[in-house]
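Have a look at the structure that comes next, please.
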Amino acid sequence: MSPFWQQYLPLSIILSSLLPGLIIFTLKETQVKLRISLNLFGVGVKLLLVLLMWQAVKAGQQFYFSLPFLPGADLVLQGDALSLLFVVLSSVLWLATTIYAIGYLEQSPLRSRFFGYFSLCVSATVGLALAGNLVTFLLFYELLTLATFPLVVHRGTPESLAAGRRYLAYTLSGGVILMLGVALLHSLVQSPLFTPGGYVAAAVSGNEGLLMLAFALMIMVLGVKAALLPLHGWLPQAMVAPAPVSALLHAVAVVKAGAFGIIRLVYDVFGVESMQALQLAQPLMLLAAATILYGSWRALAQQDIKRRLAYSTISQVSYITLGVAMLGPLAAVGGLVHLVHQGVMKITLFFCAGNFAETLGIHKIRELNGVGRRMPVTAMAFTLGALGMIGIPPTAGFISKWYLGLGAAEVGQNWLILVFALSGLLNAAYFLPVVYRMWFLPQSGRWPAEQRLSNRFETHWMLLLPAIFTAILLLLMGLFASTELSPLSWSQLIVEREFRHD
Amino acid sequence: MDSAGQLSVLSTVLSSLLLITGLFFFIAGSIGMLRFPDSFSRLHAVTKADSLGLGSIVAGLMFYGDLWQNLLLLLIWLLVLASGSVSCQLLARFAKAQQDRVQQDKT
Amino acid sequence: MRLLLFDAILCLLLLTLALASILSRQLAHAVILYIAFGLMMALAWARLAAPDLALAEAAIGAGLTGALCFSALAHQQPQLKPDVLNWPKRLWPAVFVLLMLGGVLAALLQLPPSASQLIAVTQAGIGNSGVSHPVTAVLLNFRSWDTLLELVVLLLALLGARQVAPEVKPATSWPLSLGWSRLLAPMVILLAGYLLWAGASQPGGAFQAGALLAAGAVVLRLNQQLSWLSWSNFWIRLLIVSGVLVFVLMALLAILLTPGNTDVVWLRWPPHLAAGIILLVELFATLAIALTLTLLVAGEPASTGAEHGCGEGA
Amino acid sequence: MTDLSSQLLLYIGTAAGLFGIGLYGFIVGPQTLRRILALNIIGAGIFMLMVVLAYRGLAEEAALTLTDPVLHALILTGLVVAVSATAFALALLTRLNQAKSAQCKPDQLRHGQEPEQ
Amino acid sequence: MMVVLLVLPLLGTLFMLLWPKIAPLLALLTASVCSLAALQLLFLVSEQGNQQVLLAGWPSGLAISLEANSLSSLLILLTALLQLLVGLYAFATHRRDKLGAGFWPLSCMLQLGLTALWLSRDLFNLYVCLELLGIVAVALVSLSGDKAIKPALNYLLLSLFGSLCYLLGVAILYGAYGVLDITVLAARWQADLPSSIALLLMTLGLMLKAALWPLHGWLPAAHAAAPAPVSALLSALVVKGPLFILCLLWLQLAGATQVAAVAPWFAGCGLAALLLGGVSALRTPFAKNMVAYSTVAQLGYAMLALGLLLRFNQPLFAAALWLFVLAHALAKAACFLAIGEITATLGGKRINTLKGASQTMPLAMFAFAVAGGSLIGLPPSGGFLAKWALLQGLWLQGGQLFWLLAIVLATLLSAAYVFRAVVLAFDRADPVAPDFAPRILPQWLALLPALAVWAMALYSEPLLQLLKQEGL
């Protein structure tokens, strides 16, 4: 890999979605063809570049790009194994969501604005993944907030504005506290690059209190995005946004950014030894476990499909936090791989929920009776996703839960296995009735708002194709987990590099 | 203040006499202004008394200054006289106009 | 010691006039008392050996400000009830004022009795400043940048006042006052010229001469004379602007004339030309000040009328 | 520090007094015209202080008996600035009164004399 | 070089008065040449160090000394650029906004006053510059006709009172030390009673003119009543002049005991300005008033930084102070131009005329949002840079928790009132229809400073190097 590419590849990955986005902003509503081609061109280039980077990182290359930003802290983009995991996830799912969004917003107004902010959001996510130090992470974290806000309030109805205000209140106050935390860490140890063993060890002896405070501040802020227990309020509210937005928000961009931030914080800023030295892992584990159970328990009571999926997201993301908080290598693998699996599974469920809402006007769970007969493909994809969520063997969900269980046993926290089992039961309790209602109950009365979207398929092909694609991906990741290409092996590579240094 | 060398006793007596009369005229003018009933008579009192008072003060001061300063003092006195009378007429016109308007409102 | 008596009476008079003007019931009384206070202030300057200031104060402070206040009074709403403030509303400001007064007095009493060394420095510098009267030397040579900015402030006040341009009520005129103002005009010009010329060696100078000229012009304007004296007339505008313009051009000229080796210093008059430059600058400054003050006090002649009429306007 | 001669003390007292009276008038004065007058009185007080400071040169018995020309120049500048500011303020006040009188009493009832010639 | 910067606006103004027809052209020409000259001055200063000039060549005590250090030249450049920008905006919209022909000479005089103020190091000369600024600002405010006369008059009276307090302080200092030049004065300074009282009076006067918290009553009414380009100039630049002098006094003149006494008061006033200014910005129903109150709040940041700088003497706080001034100037210019453009096109003074503005006038709304981002301090904006320096300084001073919490609260308040307007703009339920077709050029002009301040952190290296250099 030539030194030029070594320096400018990460930047070009971000620009590949940023530039089309900025151009789309200037397009008029009527230029549909140009907008779609620009969008797909951006997605294609990004995938190509990510693949290129994937090979290089697998071979052990290092990517580094820096820009002078603050005194003592530059704007650094660094392509290492962990960041690539998240970049691959977001690029692939961005492809699926873009196709889905084009189909979903066929006649609705303001599409230029939507797709503009859509690509800004993805470039912020990718930037966040590639961030080389805490200051860059802070920059992209704030940009992500600003880019996702117009998407949440896209419909402009009073409810979506209320949801937008709540979303802003949470994330902006989070942003301010994050700035506080990063400034504290910067004043203690400056902001060097993310190093596998963490760079805080030197300062641990002197000021435990300040470091604990910094950790607490950072976790509080990342918890807002990762929807940890007390700070999850905005997520169910943001369901009022259009389907592709809630899909992108909950499966890929915002929620995963929070989880990814916690991973970076635990492994690359504090590092395992200082976490143990400051006993920070124990409270985090408790918080994550509580969120898992609370999320699943609240999902039971939800009647609206998307709100139930939202609460299930809250509990699923805490699996990742839990896996990371256990500080064991196996648990880390489980957590990392769950980051990818949960993303794919959740996005499938949201695509199906979007299809039901768009084609048949179904929003409530009780209206799902007999949908299997009317829309068999979408229902099959939904079932696969639901099984993955519960963790039934052939799907990817099982693998991540399996490794999480192994990790818990390895670290000696046996009560966590009980938590996993209990949450698996709860998942089954709120997903299986939906599946049963779809396949085994007759259709009760007419569909609320039936639309004939396409003559050959059950709905518009652009809505159907992404759902099928992610469902199949889900299955493949489960069956071929041990092969070279699977996310599992990539997570093992990351953890091996992460834990090898000490 | 005795810039022109030692003044003879007579001139000091004379100048202080003149100054006192000037002062007397000023006091009379101001008392007149305060006590007289309507504005015309008050105007009359002020302009007449003050210009006369100033004249005698200027005369009193003549003893102290040299020729050039005395001429200036005279010029000052003339100016005050002229501007005093013009402004007195202006005020009188104004007072008369106001009186006419008051009558119009009554009738 | 005789002077101490005079000083005591003067100070007492000043304080009582000021207090009476502030506390008077009628607004008209306040203005009249203020004008008397201004005249007394001119007397005080004369007593404290500041003849330049006495001239300026009498012409500008008491005269023009008094005229301005009276014209503002004319537009004031007729005062229905005398304004009396109940006691508590007066208490807090009084307490605050006494506090501030105490602090300022404490500081003033601790000031050293000796005058500043700058007097010696100015004495030394007067030699090649081009004028013999120290105040004019400081005004137009040592701190000429202040004077330039001050002329700009005056011009600015005119711009601002024109911008707001209240519609001026045409005043009455009758033969006697017309005759008197015509008689007064040549003498005012003569006096102003003398003041300007004397400025180089005795108390006098641009501001006092300008103010005097303005007084003469205002009297004429109030008698419907000098109708050509308005902002829309280009030459008048040129004269008003010339006060500052000549100053700046002279400064630029001085820079051009400085010999090659010395570095460029803004507003430095070459010693041999200083007298001529200062006189020229003072001449134009006097004209500019006179015209500006006239337009400020007398406002636009009724014929042109300001752009915004009275009422909703603009 | 009472080595200032009694005359100077008297004038300094008046200067401070004028500042106080002007300040009181500025804070209390109900009408705006009174506050403009109060501002001028404060200015007069401050200029009085500066003149007295300049006058110190004459009072002391030292060789050079001369008032401080720099201060006199400053006061002249201050005076011209004060009068231009007052003129601008009065123009604004007149415009305000005209706007007010036009709104509430459009029949042009004016204070003072009607020019009937 | 300083000569050019002073002479050009002066000559420009005079020629404008003589030939009013070509005034707009002349104003824009002057502003652009001045920006080039300011840039050249900045390079000159950064290479050869401070440029000291004694006017009229007389010895140091007597003559007025002008000094261009890196901070002053930076501020002069900012003034010239904003002048150019606002001139273009006024040129583009003066027919619609019925902006009188008087705007051009007055804005040129404003630039002259500001440049003279940034350069001067002489107490009395600063008084004349302050007076010049005050009257120009009031004349500019009174441009928008009858509704602006009352606030303009109130602003003028308070401004004159402030100048007189400042003059009294100068008189006392001259009485005590017999010299007016700041550097010479600093050498002879003793922290005795007269100098303390003088400093107090001057601080009172300057706080009144700079609308710092306890004495800010006149600002919201005056800035809201003024036409949009004028309020942009006022909020961005005029309010900063007295603040600059305040810092000059307290950082170069005051003795150690005086500084220690006043530092907590400044920090307290700054904090109160942040909180109360923010609350009133949240409560006011009018758009321009909200932006004006946000000026009062953001000046609180500068006061807070000054207070902390005086207390801890940490260079980071000095950098934070001047970064706030620069970032706020650009952000506020963008905010006022954007809000002025929106309220003029959508025809309404209240905040809910902004409904649906993100669709009807996307560019102006984007400019307001980006500038608002800098007011809040979102990365990578100038506001973020300043807040980062402030937080760094506070943490390095041993974690002053009270001040940190205050700053967090203030940031949330500013986020609340900025996004109050932005969220409304996304309302598609009942958008406000524009009275006439929105014009693109003024919106772009509003966007320019917003983008400049948004990307300020990216070119922070030279900026901080210039400010750090500054002992001021």
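Observations
For clarity, chains are labelled A, B, C, D and E in written order, and residue numbers in each chain start from 1.
Operating definition for what follows: a residue touches a chain if its C-beta (ideal position, glycine included) is under 8 Å from a C-beta of that chain, and two chains touch if they have at least 3 such contacts.
The shown structure was predicted, so the numbers you read here are calculated from the model rather than taken from an experiment.
Shared contact partners of subunit D and subunit E are C. Among the other chains, A has the CA centre that is most remote from the centre of subunit B.
Chain centres here are C-alpha means, and the one lying farthest from subunit C is A. Of all chain pairs, the one linked by the most C-beta contacts is C-D. Measuring from the averaged C-alpha position of subunit C to that of subunit D gives a distance of 11 Å.
Taking each chain's centre as the mean of its C-alpha atoms, subunit C lies 31 Å from subunit E.
Separating the centre of subunit A from that of subunit B, both taken as means of CA atoms, is a distance of 98 Å. Taking the mean of the C-alpha atoms as each chain's centre, subunit A and subunit E sit 43 Å apart. For subunit C, residues that reach two or more other chains under the stated contact definition are 104, 108, 110-112, 115-116, 118, 122, 142-143, 146, 150, 153, 156-157, 160, 164, 312-313. Residues of subunit D in contact with at least two other chains: 19, 36, 49, 53, 70, 74, 77, 81, 84-85, 88, 92-93, 95, 99, 113. Contacts with at least two other chains are made by no residue of subunit A. Residues of subunit D that touch subunit C in their complex: 1-25, 27-31, 33-34, 36-38, 40-41, 44, 47-49, 51-60, 62, 64, 66-70, 72-77, 79-81, 83-88, 90-95, 97-103, 106, 110-113, 115, 117. The part of subunit C that touches subunit E in the complex is made up of residues 103-104, 106-108, 110-112, 115-118, 121-122, 125, 141-146, 149-150, 152-153, 155-157, 159-160, 162-164, 234, 237-238, 240-241, 244-245, 248, 251-252, 255, 264-269, 307-308, 312-314.
Subunit C contributes residues 3-4, 7-8, 11, 14-15, 18-19, 21-22, 27, 30-31, 34, 37-38, 41, 44-45, 48-50, 52-53, 56-57, 60-61, 64-65, 68-69, 71-78, 83, 85, 89-90, 93-94, 96-98, 100-101, 104-105, 108-116, 118-120, 122-123, 134-135, 137-139, 142-143, 146-147, 150, 153-154, 156-158, 160-161, 164-167, 169-172, 205, 207, 289, 293, 296-297, 310-313 to its touches with subunit D in the complex.
Every residue of subunit D that touches subunit E in the complex is listed here, in rising order: 19, 26, 32, 35-36, 39, 42-43, 46, 49-50, 53, 70-71, 74, 77-78, 81, 84-85, 88-89, 92-93, 95-96, 99. On the subunit C side of its complex with subunit B, the touching residues are 174, 176-177, 180, 183.
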